[in-house]
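Same chain, two partners: subunit A is paired with subunit B first, then with subunit C.
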Partner chain A sequence: MITAERKPLDEILALVGDKKKVLVAGCDTCVAICLTGGEKEAEILASELRIKAEQDGREASIEHTAAIRQCEWEYLDMIADKVKDADIVVSMACGIGIQSMAEKFSPALVVPAVNTNMLGMPQEHALWLERCGACGDCVIGETAGICPVVRCSKSLMNGPCGGSHDGKCEVTTPEKEDIDCAWHLIWERLKAQGREELMYVNRPPKNWSKSSSGGPRKMVREEAKPV
Partner chain B sequence: MADADVKVPAAEGEAPEAADEAPKKPVDPNFEPEIIVFACHYCAYAAADLAGSMRLQYPTNIRMIKLPCTGKLEVIHLLKAIESGADGVYAAGCLEGECHYLKGNLWARKRVNHVKDLLAEVGIEPERVEMYNMSSAMGAKFAEVATEFTARIKQLGPNPVKREGVDVHAAAREALGGAAMPDDPAPSAATSEEGHAE
Partner chain C sequence: MTATEYKAGSNLEKILTEGKFAVTGECGPPKSADGSIIENKAGILKGFVDAVNITDNQTAVVRVCSMVSGYQAQQHGLEAIMQMTCRDRNRLAMQADILGASVLGIKNILCLTGDHMSFGNHPEAKGVHDLDAINLIKMYKDMRDEARFQCGEEMPVAPKLYIGCAENPFGDPFEFRALRLKKKVEAGADFMQTQCIFNIPKFKEWMKEVRAIGLHQEIKILAGLTPLKGVGAAKYMKNFVPGMDVPQEIVDRMSSVEKGPPAHAEGKKLAVEMIKEIAEIEGVAGVHLMAVEWEEAVPEIVEMAGLLPRPAVA
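Then we have the complex of A and B:
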């Protein structure tokens, strides 16, 4: 799923400025599942903003709402009235949802309350790990179902490098925790699958034009277009 | 005990314990804080009942809201109580390891700690929210916690977002929606009703 983390309150306050009518808009899909920007979190942020406004002696009307999905026009229709009443919308959706809102209700002011950070999976409750970089050219069929693009710190196509020790990468997380070496994991699983020979395949440099390096991407399904 | 590390002024006017603490504001003797207590039906609520039966004295500043378990308490419930103007809010759940629903009180402690972070973010003293643990047999502990927490809030002074004319208890209860349990009828009222019936 798409995961996101809430921005620090000071950053949100700076974006809101002195706007009087504020609508905090949650999204009840991906960001709700990762406990960052669903209706519950929108209500909490709205409460925080109200407390802050009251403390600063600012007159403000701060409400919250949530769309089932901010990234689809149909669901945005359902909150359109609330958006039209607001001076500013603080969106807690991922970057896609925020832009959908800004486009749908242009020129309404829509600002983000979260940083969209990855395509991750919930490894356990309240822990998400990055699993896909949406590179547009999936290779995991040859790498035992483990993505070297996002799980190898160097995105190596032919690993491991010399920085792999006892299955761990020489790079650590910002919290100084060890990271599994993706190419070690790939080797171990290829062995379990009896496909070790794939480790010796020389993979040419990756074509990044299919990723975001090739400009904004577009996908069309002609057969599914309305007639 | 998990709440042993909570710093509570032992008595009004006493010197601050830690030297690095900021100088405390003078306590307004006329300030009577409004304190919301989210009490678990299985322990703290019964402990309050016991405290009453034991004729223990504790401040009248606390207003209770009964929950089936402190695990029912969500972040927004605590935040709304502060937003509506409560000077202090605490959750009183079962002793750790003795929750009727196994881990409800542990969840509550995590949520209370998260609310402390949120309050710090908006510039409200995190000490205005707290989590306590007690059993239904600890009437004295209930009275002690109520006394200590009230003293702490008196020291902190009024909630800076307090507004005139807001019924804090009603607002906190409303925020809980269906999560709150109805209060037990007051014993005196029940007795007098029975008296009339007879």
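Then we have the complex of A and C:
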């Protein structure tokens, strides 16, 4: 799923500025599951903005709503009236949802209340770990189902660097302590699968043009187009 | 007698090819536009090492680039081993730089992944990592041997390179480490320098693995050593440098002597003992002395280890 974290309140307040009619719009899909931007979180942020406006003695009308998915036009239709009524929309969806909203209701002012951070997996309650970099050229069939593109800090394609120690990555910062070395995990799982020879092969340079390095990507499914 | 066909014809390549025990050193370029630093360091090391590594934004800290510093060292009579990391350049830049280095007369190149940006002075930088070190070795080999760019296009004049790599015998998973060197040999590496060795028994164990798969016959292995200036350096290496294995007995030995000159003398003595022990290991073709910001210790260590005069090769 796509994960996101809420921006600090001060940053959101700076984006909202002195706008009077504010709509906080949650999204009830990915960002709701990661407890960041669903209807409940939209309601909480709206309350925070209301309290702040009151403390500052500003007149403001702050409402909240949520779309089932902000990234699809038909779900946006369902909240169109509320959006049209607002001076500003504070979207709590991922970057895709925010942009869908901004495009659908252009030139309405839509600003983000979250930072979209990864394609992650809920490892345990309240812990998400990055699992996919959407590189456009998946290699995990040869790497024991473990992605070296995002799970190796250096996106190495040919095994661990010299900084792998006791199964841990050399990158340990206060925020990122205890990162597993992806290539150590790959090695161990390939051995368990009896396929460690996959580690002995020299993989050629990766084709990054299939990732964001190739410019904005587009996917067309001709066969699925309406006739 | 036919003359040996060299890949690059560097001093280092000739010494290693002739089977002589090689000594390489290391120079870190300065964190400023001061052109005198490399000049001074080259002056200290000249005649005591066969070639000198010029680091490339070592530990992810910005410094004068390795190409210009390498060129400077060579202008002062000391052959360079230009380091190149995958952290700061994509494949276009890495090919452009090797062509430029070649034009400037640099022949030895060391292909590295590079320490992560988070260790350095620009932790917010975007890491490039377009290629990994193994891809880099292969790319340079193809440029040299096939006169082709990574994309397959041909070039009229190929760079003449002696291609090196690094390996950390103390990295994990240990059982994959010799196999990783094999991948680098297959990619085209001619010589290899190890991470600093402090744990000799473990290095011996690794060399056993290396010999078991015959790699010592296929690549010239230089054992990396860092003379310790004092107990502080030992502790720093042990606790803060990624991938370093410093046994407690080394820390204890360095802390048993007084700071300053006695510690310096002990550090040099330890380095000499280690060189002698390592030189006896089958498959070790030389030593790589990384006297970080302590270049002036190198001449004495090389002399005490009985490695002078350095061989002259035609």
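What we mean here is this: the second predicted complex is superposed on the first by the 224 of 227 C-alpha atoms of A that agree within 3 Å, B and C clash if a C-alpha of one lies under 4 Å from a C-alpha of the other, contacts with A are read in each partner's own complex, and residues count from 1 in each chain.
Definition applied: a contact is a pair of C-beta atoms (placed from the backbone, for glycine too) under 8 Å apart; a residue touches a chain by one contact, two chains touch by 3 or more.
Source: prediction; values computed, not measured.
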item: Contacts of A:C181 with subunit B and subunit C, given as first, second, both or neither; value: second
item: Subunit B versus subunit C as contact partner of A:K40, first or second or both or neither; value: first
item: Touched partner set for A:M199, first subunit B, second subunit C, both or neither; value: second
item: Partner chain(s) touched by A:R189 [first = subunit B, second = subunit C, both, neither]; value: neither
item: Which partner, subunit B or subunit C, touches more subunit A residues; value: C
item: Partner chain(s) touched by A:E48 [first = subunit B, second = subunit C, both, neither]; value: first
item: Subunit B versus subunit C as contact partner of A:L9, first or second or both or neither; value: first
item: Shared subunit A surface residues [contacts with subunit B and with subunit C]; value: none
item: Contacting residues of subunit A [partner subunit B, same complex]; value: 8-9, 40, 43-44, 47-48, 50-52, 54-55
item: Subunit A residues within the subunit C interface of the complex; value: 153-167, 170-171, 173, 176, 181, 184, 187-188, 199-200, 202-206, 208
item: List of subunit C residues in touch with subunit A within their complex; value: 86-87, 91, 113-116, 118-119, 123, 127, 129-135, 138-139, 150, 166-168, 171-173, 176, 179-180, 182-183, 186-187, 195, 242-243
item: For the subunit B and subunit A complex, residues of the former touching the latter; value: 74-76, 79-80, 82-83, 118, 121-124, 160-161, 163
